[in-house]
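Below you'll find the structures, each written out as structure tokens.
Heads up, the next two complexes both have chain A, just with different partners, chain B and then chain C.
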Partner chain A sequence: MENLTQEKIDKGLEVFENFKDSKLLTHLNSCVHCGLCAESCIYYLTDHNEKYIPAKKVDLVASIYRRYKTFIGKIAPKLVGARELNNETVEEMIDLLFGACAMCGRCVSHCSIGVDISYLVSTGRKMLSNMGYVPESLQATVNAAIETGNNMGISDQDFVDTLTWLEDDLRFEVNDDNAKIYLNEKGKDILYTLNPREPKFFPLSISAMAKIFHVAKESWTLSTKMYDVTNYAYYSGNNEEAAIISQRLYDEIFNLNAKTCVLAECGHGSRAFRWEGPNYIQKEYPFDVTTSVEFIGKYIREGKIIVDPEKIQQKVTLHDPCNLARSGGVIDEQRYILEKSVKNFIEMSPTKADNLCCGGGGGQLAMSEYNDRRMKIAELKAEQIRKTGAEIVVTPCHNCADQLIQINAAFKLNVQIKTIAEIVADAIVMP
Partner chain B sequence: MFNLIHADTSWYIWFALIGLTVCLLSCSTHLVRLVRLGKPKDFSKKVGNTQKAIMYSFTGAMNPAKKESAFMHLPTYTAGILYHLGTFLSIAVFFLMIFNIYFEGLLYWIIPAFLFITGLNGLGILIKRMIKKELLALSNPDDFISNILVTLFQFITALTILNIQLSPVYFVLTGILLLYFPVGKLKHTVYFFAARYHLGFFYGWRNAWPPKKI
Partner chain C sequence: MATIEIENKEFKVDGDGFLINPDIWNEDVAKLFAKSDGIEEMNEKHWAIVNIIRQNYEEKGMAPMIRTICQETGLRLREIYELFPLGPARGACRVAGLPKPDGCV
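== the complex of A and B ==
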């Protein structure tokens, strides 16, 4: 790493200028270093290295704040553990804030004080982003999204080709030659988004959702211009780039005159657009935003789709994506769907808001630099799954699904990984 | 019940009062700054009830059965709770001492006994911080100083209730604690409440708190 210039230091410290509300100031001053958050962190639970304790990550950010923005930190830095923002600190920040935190927020709800640890990790990432220290692989993912419109750089032609054969497949599946995957249609009720992993690697999840929409007689469309639900700038800490991505989806919803944006099964994507997006672009959405999980649950409740649990006899368990469940409040809906759709649903332990992160969150799947560490912490999730005895693991997140597929292979779990739409499409009763 | 321990205000009481003024001014400054910065401005569409969630943040979410930091560390958690109770009691006693009010009868024995126990818990937490490598790695000098001062505060409060002659030492030590208050982590007295508020606001906005049933 080249020597830090004063200009870079100043850019890093900008995150502590002009607090927009009392949240950051609060959390920077709240940690009492009790260390009781350690056992709530998947990194610490795996390695028991003190550097992984969430409070240590908090202190990395808070100690810099104390050094430059508090009177005591300026005159007696050693007394209060105030740290210089230098090369050593930056290297430690990159390693711990990017490479050893899934921003799952599990430590937050268990913190004895209530420090929003993942918010401070996000603030630290923002500092690093301001200074130009986002890991290359993560930045490449963000760049691909900004340059091509989706994080996997899928061309429009490839996307349309994929949808064309998926449409044929859908017609065969539902035995209806009029079944369609609508594309760029204006005035539909719903603009549905996708995780680019779907057209690239898991196209059957698109046809699963198309089947559900078809049976529910939904008015929906996809867009070729902007279908990517993900926003990796949320993880890189670059709010300007995050705003560009959010604004694109916002504009496309307007362009197609859709009433509701239904977000595909993607934990961070749903968080980034539904909860963070309006703050990135500094305006309220004049349309509704919801997740496909909530929409599918609504269809079942309203009888728009009928599911038969007898169709799925295998033992099924559920992995909760952190950003959707713990930080997004969508916790019971996926359980309602599974209880209606499968014969034998079993919870993991711990579960719901306390469920363990799969290890793929926080942008970890996009950062190949930390692959070994990511797969090491995955052992906890593997053990959780193994203990359920499940044959199918369902997760309403393509990012988690990707990590679970790797866990399945690495730890020889011999399970199937499915999304909510896929399991519901399997259980659906054709009218 | 009431009795004057000092007819005229001695220098050490003045010292403690100066400490109290500094401490209160510092707390007020932090509080005013927080209030002026205000609550989060969120452009996303609220789907939950933030008021209920903030209430839950201070109540149900603090239930030790729901926090790993509590139920996985019961001895430390219990020690921490007792230690804090001892601190609150010592502060109350301090205000009584300023007004020359002391204890008689059962309270004369019960309060010092309780403060000895809570002080020992503080000492236990201090020793844990000194010997556990994970905690040591997290700690800075302020963590030790804050703990030592508050623990001594509880012990000296107990001793002074039992022996009024110790009041000069008591007021000097209390003054030092109060003067040190703005320096380090003791100011979590203010920020704890703000943190719980923000946590409730965050989870409540998204309907994650309070936990719900279908």
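== the complex of A and C ==
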């Protein structure tokens, strides 16, 4: 690493200035070092090295704050454990805040006083982003989204051709030549979004959702211009780039005059647009934003689609995406759907808001730099799955799904990985 | 950057095990990478998928859409997932010597 310039240091320290409320100051000054967070962290549970304890990660950020922003930290830094923002500190920050945190928030719910540890990790990432130290592979994913409109650089032509191909399949599947995958239609009730991974490599979930919309007689459309539900700038800590991505989806909802934006099965994407988005773009949304999981639950409840659990006899378990369940509050809906759609649903342990991260969160799946560590912590999830004896693991998140595919292969679990839409489409009774 | 060794041959790869230099790829490399993913013997279908991915990469600099792979090889989607259990990206693209695609793969 080249020597830090004063300019870079100043850029990094900007995160401690100009905040709009007291949240950052409160959380930076609140940790009582009780250590309860340690056993909640998948990194610490895997490797009992104290550097992985969430409170240590908090202190890494807080110690820099103390050094530059408190009186005693400025005159007697050693007394209050204040740290210089120098090469050594930056290297440690990169390794621990990017490389050893899935921002899963499990420590936050175990914290004795409610410190938002993920938020402080995110603040640390923002410092690194300001200084230009986002890991290359993560930044490449953000760049692809900013430059091409989607994080995999799919061309419009490839996207449209894929949907046309899937539409043929849909017509065959539902036995209706008028079935459609609507594209760029104005005035529909719903603008649906996708994870670019779906059109590029895993389109079964697009077919499944199209089938569900078709049976529910939904008024819906996709957009060529902005369909990407992901926002990797949420992980890189660059709020300006996160705002560009959120604003594009906001604009397209207006452009197509849709009433509701339905976010695809994507944990961080649903969080980034639904909950962080209004802060990124500094605007309230004048339209509804919801997730496809909640919409599918509604269809079943209202009888718009009918599912037959007899169609799925295999043992099914559920992995909760951290950003959707623990942080987003969507916990009961996926369970309601599975109880209606499959014969034999079994919970993993721990579960719901206390479920373990798959290890792919926090941008880990995009960062090749920390692959070994990611697959090592994945053993916890592999064991959770193995203990259920399940043959199918359902997860409403494409990022988790990819990590689970790797876990399945690496730990020889011999399970199938499916999204909620895929399992519901299998269970649906054609009217 | 990391190095992996398969059957006494060393390859420079990224953290995810994708070749750092896609130009050194050849059929022997494909066989070795497939083997390290548990695919003991590459059959005709494996080769059809790998070849179309490779061809697309050499022409356009990126992995093809899954639609292209299905249409060019005549294979069904589910067959592709069965042939490469790690999926088209981490499975097939890695065996075809491509860099890791961006995004949630």
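One rule holds in what follows: the second predicted complex is superposed on the first by the 431 of 431 C-alpha atoms of A that agree within 3 Å, B and C clash if a C-alpha of one lies under 4 Å from a C-alpha of the other, contacts with A are read in each partner's own complex, and residues count from 1 in each chain.
Quick note on the criterion: a contact is a pair of C-beta atoms (placed from the backbone, for glycine too) under 8 Å apart; a residue touches a chain by one contact, two chains touch by 3 or more.
Quantities reported herein were computed from a predicted structural model and do not represent experimental measurements.
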Of the two partners chain B and chain C, more of chain A gets touched by chain B
Contacts for A:27 in the overlay, against chain B (first) and chain C (second): which applies, first, second, both or neither?
first
Determine, under the contact definition given at the top, whether A:326 touches first (chain B), second (chain C), both, or neither.
first
When the two structures are overlaid on chain A, which partner does A:195 contact: first (chain B), second (chain C), both, or neither?
second
Is A:141 touching the first partner chain B, the second partner chain C, both, or neither of them?
second
Of the two partner chains, chain B (first) and chain C (second), which one does A:313 touch, if any: first, second, both, or neither?
neither
Scan A:5 for contacts with chain B and chain C and give back first, second, both or neither.
neither
Partner chain(s) touched by A:111 [first = chain B, second = chain C, both, neither]:
first
Chain B and chain C contact sites that coincide on chain A, given as residue numbers
none
Residues on chain B engaged by chain A in the complex (per definition of touch)
30, 33-35, 37-45, 47-48, 57, 61, 67-70, 72-73, 76-77, 80, 132-135, 137-143, 145, 182-185, 187-188, 191-192, 194-199, 202-203, 205-208, 211-214
Spell out the part of chain A that touches chain C in their complex, as residue ranges.
137, 140-141, 144, 151-154, 158, 161-162, 165, 195-197, 199-204, 230, 266, 365-372, 398-399, 402, 405-406, 408-409
Complex contact set, residues of chain A against chain B
19-23, 25-27, 29-40, 50-51, 53, 55-56, 59, 72, 78-81, 108-116, 274-279, 281-285, 288-289, 325-329, 331-333, 335-336, 352-353
Can you name the residues of chain C that touch chain A in the complex?
14-18, 37-38, 62-63, 65-67, 70-71, 77-78, 85-90, 100-105
